[in-house]
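Heads up, there are several structures right after this.
Each of the next two complexes has subunit A plus one more chain, namely subunit B in the first and subunit C in the second.
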Partner chain A sequence: MAAANCWRCLGRPSTQRLLAPSSIPSFKNPTSVAAFTTSATFLAKDDNQERPIEAPGPGERKAFRKRIQLSNDNALKVSGLSELEAQQLVDPTAVGQMASLPTGLVDQLRTIEAFKPTQNWGLFRSPHMLVRKDTVDFLGDMTKRIANKETVRTVIEGERGVGKSMLGLQTMAAGFMNKMVVINIPEAQDLVEARTDYSYIPRTTPEQFSHPSYILKLLQALRSANEEVLSKEIIKLEHIHLPGNLSRNASLATLANVTKEPEFAWPVFNALWQELLQPGRPPIMFTLDGLSHIMRISDYRSPSFNLIHAHDFALTRLFVEALGGKTHFPNGAAIVGVMTKGNWLKDKSVEKALEQARAAQAELPIPERDAYYSKYDERVFEALKGVEVFDVKSISKLEARSLMEYWAASGVLRMRVDEKTVSERWTLAGNGVLGELERVSLYVSRL
Partner chain B sequence: MASKLSPWGACRSLTIRTRSILQHAERKATAAPFHMARRGMADNTTSREPPSGSDGALPPSMAGKASAEQPHTSPRPEQFAPNWLNAEAIARLEQVAAGEDMYDNEEGLKFGVLSQLPGKHDHLQKRYPEVLDQVTKLLMRDGKLSKAQRDMAFILNFLRTSSAPKVSPLRPLLPGAPPAHTLPLDPVAYLTLAIDSVAPLLRIRSMKGMAGGGQALEIPEPMAARQRRRVAVQWILDAVNKKKSKGSGRSMFAHKMAEEIIAVIEGRSSVWDRRQTVHKLGTAARANLNHPALLAKRK
Partner chain C sequence: MVITTYDGYDLQKTSLTILQVFVLGINFHPQKLVKKTLESFYSLGPQTSARIMAKYTIHPLARLGTLPVKTVTSLTAELSTMTIDNDARRIVQDNIKRLRDMGSYRGRRHAMGLPVRGQQTRNQIVTARKLNVLDRGGGDRIRGT
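== the complex of A and B ==
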């Protein structure tokens, strides 16, 4: 439908215009301008009848909210940065370098849900990460001890937005690159907030519960991310109670894949865990994000209508026993709990337990519990007994510069990156709190 | 307070640096001592083409190992950094050496006369670009500015991550608009372009009873830039409210709004029709400008 008016101005097509139509790209053929239009009647149709607005389908909203985008085709490609290697994560001279994540590793990390929707992966062409001092400190020590078949039990702590989950991701990346079996619980609050189904595990005293669907999903993610390692290991124990028939020389990957039924998810997961604890297996890395969520009484109820403690769920119990040092790992293991500050219910037991763990680590006198507070949770102290606390700190200006140069090279940060601007942003970001640095640099409007 | 007669005040402002600093080199000694500082992140609405080889050269600190020490670029250490503060101080000292008073030219002023006085409504810094500020406040409901800002951040992010728009030749954008493929990397320019392109040039004012017989006389009136943008945003919001719900929670509205902005740029939006209607009406109502009733009123 041709317009009687010009789109940009109020001029009307004159004969002169019609003879020289080159300035109006749409009017290639002057005869296509209709002598009359029906647009007036078209526009005059009854607009009062508004169509009812359809609601989105079930699950559509959550999927939209939780989607993870790892690339942005609009951002410029930053070439010349090396691919991440295992050595780079433990090398003190690599501090401040940006490295791209290899495709295979990205797939593995994505499968176990190491990337979070709140992180800014979607702004850049491909996933890159900064090797920071904390990374090298934490992973260097951890890798050395796991090589000696020790068990590393750590809680990652730090201010809000300082990069705790990101360090967790780097830990998992190191785990994959060092051929460990990586198990990850991406959001601990999913296990306690009564969002997923649960069931009683028969013949357990005190009674224990499992999350059938959640564990099945976890099992499948774990199998597909660790396929390379698991398929090389042959089962050693008898698993007659499991469904299906496992042959004698079936691999652990087959064992993990033996059921698609939620009701058998926990027995299979437990069998896999027992297999991994046999001597001669690859080391285990078990990480959990949002540790403080499982240090409380959950929102689930038992058949007698009592609230269930989070540690009475089989999966959290497995993690908590490993973290508290009750499980013996003959092949070395890294049990890492990442605290969260974004949605944290303050809990005095967790705070005190971590305070005591910090003091023990620094070989200082252990601070005593508040004698006037009666609601300390003994199971929390049990779970955090003897853990190491790793405090994630702010980044230095050098690291900030490296990061900002990467942002600028990607075309996302549109400003000069020099000593002055780096220093300015670093200061604005609370002296190098990484999440705040992203907020002040990548977003024009307040987020 | 430093005494005006002593040269030490000028000496104090001399800074000694063993190596030159890059950011000072570009400042001319003749630069005005005060100029409106503008915030880099807010004023950058100009869109540039990305560098021709879009793989881009690597920034210097990324190329090698990031080490704390950078080699000195200048062969010999300079005594004074070549910045405008030092240049001014040296000029003052020379003035004193020539036997004049240090503050001869500026009677009674400690820091001299400003070359350009800031106006009444000038800000030293503006937090947000002008369009962003206006649009954010138009998105606001129930006085919840913070929520509107979060929505705006989401909109800009959405524009930045969605694929480059395909501009329709039937709905030309503002003349001189940057090429479409550069828009996503500059979301503020993207938003500004969409709003400015679809904004009507005029409004129709109804003069009650002036046409005679109780009929209103319709007169086209030009609008200021800010008014035009306001009308455009209202139209876009009307279109957004008719859309199907997307996502949930806090990003639902922003997602719809961002999609509408893209639809405007691509010429798919119904807002263009509203603009056309107003313009048609305006063209027809031009005849009324010479209406006797109006001419009589002007006298």
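== the complex of A and C ==
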């Protein structure tokens, strides 16, 4: 028997209890916080009516699990927030502001799979994000150095749920807004878990492998997301070994689109990469989420039945060489590897290499390797040589407040947002771990 | 509402074009795992199938429909050089037949479907009943099925 009143209606704050949030100017009418809900009717069960249960078709479950919902018509519209601008991401005075993502940028980010299924975009009317202190620190420094045609090689580190992937997303957003060529590998574990096809690249010693279907998909995503930048650039090198007819003055977008065959995906990708490395091109941003996954021996086997090291795959090798400083970028580049903490096998080599990189960055004595551990992977140390480690920290109470006010204005957080409640939630969330803050505040209403 | 779905439907697309895949003259459904296909041949187990697949750089979760025709042909070529299926089955059956024709104890026990190596027969001889038969491994696989 369903209750006459739903529990959510009872939990709805009255007009008196809800204070107008300070950071959202036009949010003047608190009664607009979901005055009506259909949950009671929705939750009422009708036992007499038995519907036949249909089993989901092949692939449907996974599609549901991996779906990314970027808008929700049931959420309230939050007006008065500005659209995100490139300047905002590097401006120290913008710290703590919420900004909406422009539609074009959302499309670009979605194409390169910057949004993750684990992030709660589906609770809100349209995608917004918080400009954090970490964002401004990281992107401010990065933008300045890329303008000087330097190469920024960074590993984004931090506790679980602290917002590493979100910082990765903000980095890509900055890349798109600053007209860089953004290449993103959304899940590094897809490349090593032996779930996608692989093939031997002929005439390579030591032997190298590619992921034909994966690279083709990546190439197509990269072309459509970066079309504006790529279509302005004309090819400079000879590409006689590629299929199809490339005219002399074809653009890089045409080059990226030259094949639909997985077999030729890697040669085309490689050709595009070589073109981008020519002087006078726009700067490159190459990001990868789940860096620790590619720092191990993969589950794939070579024709001689040996396990293949992740760095023997052409795509990961490209990334790792760029990250380790072996590739020279004449136009400036940002190579960003995002670590993952929710899902990784602890690896002593990665830990030690990052520890050493951190010490080098702080100009402290470099910690020695454990003399009694023989399984250090030399290639991992090579790949992480001289990288900068950026630690994502917790958010401040000010940032938490601005975020919670946005949640309240969206109708997701049904409580009065004042200093006391912000402080309470901030403390509950392990002193401002963003993922935990979402957990204590949003998961009550997440379906 | 904007929903981006993860594209995991590559297989179905290909299976529409190829309805059957022939490996060693036997047709298989294109949705069938390559690993399972290989292991459907008598005497070819997980170790050998893994090695064959590595040799042609086929990943463990690959399905027949996604393989290029070239690879399917070379798989057939590879399998045709191996002693598998009917040939392998016949070797085992011949060995048992030899024991029986000699009139040895082991041959007789095989013929009776009883344990061969001195086990008790009071209880628990299900495995012996199942395996110790003259045509061990069943009859020949009919070509083209």
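To be clear about the criterion, the second predicted complex is superposed on the first by the 389 of 447 C-alpha atoms of A that agree within 3 Å, B and C clash if a C-alpha of one lies under 4 Å from a C-alpha of the other, contacts with A are read in each partner's own complex, and residues count from 1 in each chain.
Please note the rule applied: a residue touches a chain if its C-beta (ideal position, glycine included) is under 8 Å from a C-beta of that chain, and two chains touch if they have at least 3 such contacts.
Computed from a predicted structure; not experimentally measured.
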### Query
Counting only touches as set out at the top, which of subunit B and subunit C does A:Ser213 meet: first, second, both, neither?
second
### Task
Quick one: classify A:Thr93 as touching subunit B (first), subunit C (second), both or neither.
first
### Message
In the overlaid three-chain picture, which partner chain does A:Leu70 touch, first (subunit B) or second (subunit C), both, or neither?
### Response
second
### Query
In the superposed arrangement, does A:Ala322 touch subunit B (first), subunit C (second), both or neither?
neither
### Task
Based on the superposed arrangement, let me know which partner A:Ala409 touches: subunit B (first), subunit C (second), both, or neither?
first
### Task
Could you tell me if A:Ala55 is touching subunit B, subunit C, both of them or neither one (first, second, both, neither)?
first
### Query
Counting only touches as set out at the top, which of subunit B and subunit C does A:Met129 meet: first, second, both, neither?
neither
### Task
Could you figure out whether subunit B or subunit C reaches more residues of subunit A?
B
### Message
If I apply the document's touch criterion, which positions on subunit A are contacted by subunit B in one structure and by subunit C in the other?
### Response
62, 69, 72-73
### Message
Quick check: in the complex, which residue numbers of subunit A touch subunit C?
### Response
58-59, 62-63, 66-73, 110, 115, 194-200, 209, 213, 217, 263, 299-305
### Task
State the interface residues of subunit A toward subunit B in the complex, per the touch definition above.
3-5, 7-10, 12, 25-26, 39, 43, 50-51, 53-56, 60-62, 64-65, 69, 72-81, 93-98, 122-123, 398, 401-402, 405-406, 408-409, 411-412, 414-421, 441, 443-447
### Message
Taking the touch rule as given, give the residues of subunit C at its contact with subunit A in the complex, in rising order.
### Response
1-12, 50-51, 53-62, 66, 68
#### Entry: Of subunit B, residues touching subunit A in the complex
21-23, 40-42, 44, 50, 54-56, 58-59, 61-63, 65-66, 68, 128-129, 132, 136, 146, 149-150, 152-153, 156-157, 160-161, 163-164, 169-172, 174-175, 184-188, 201-202, 242-249, 251-252, 255, 272-273, 276-277, 279-280, 282-283
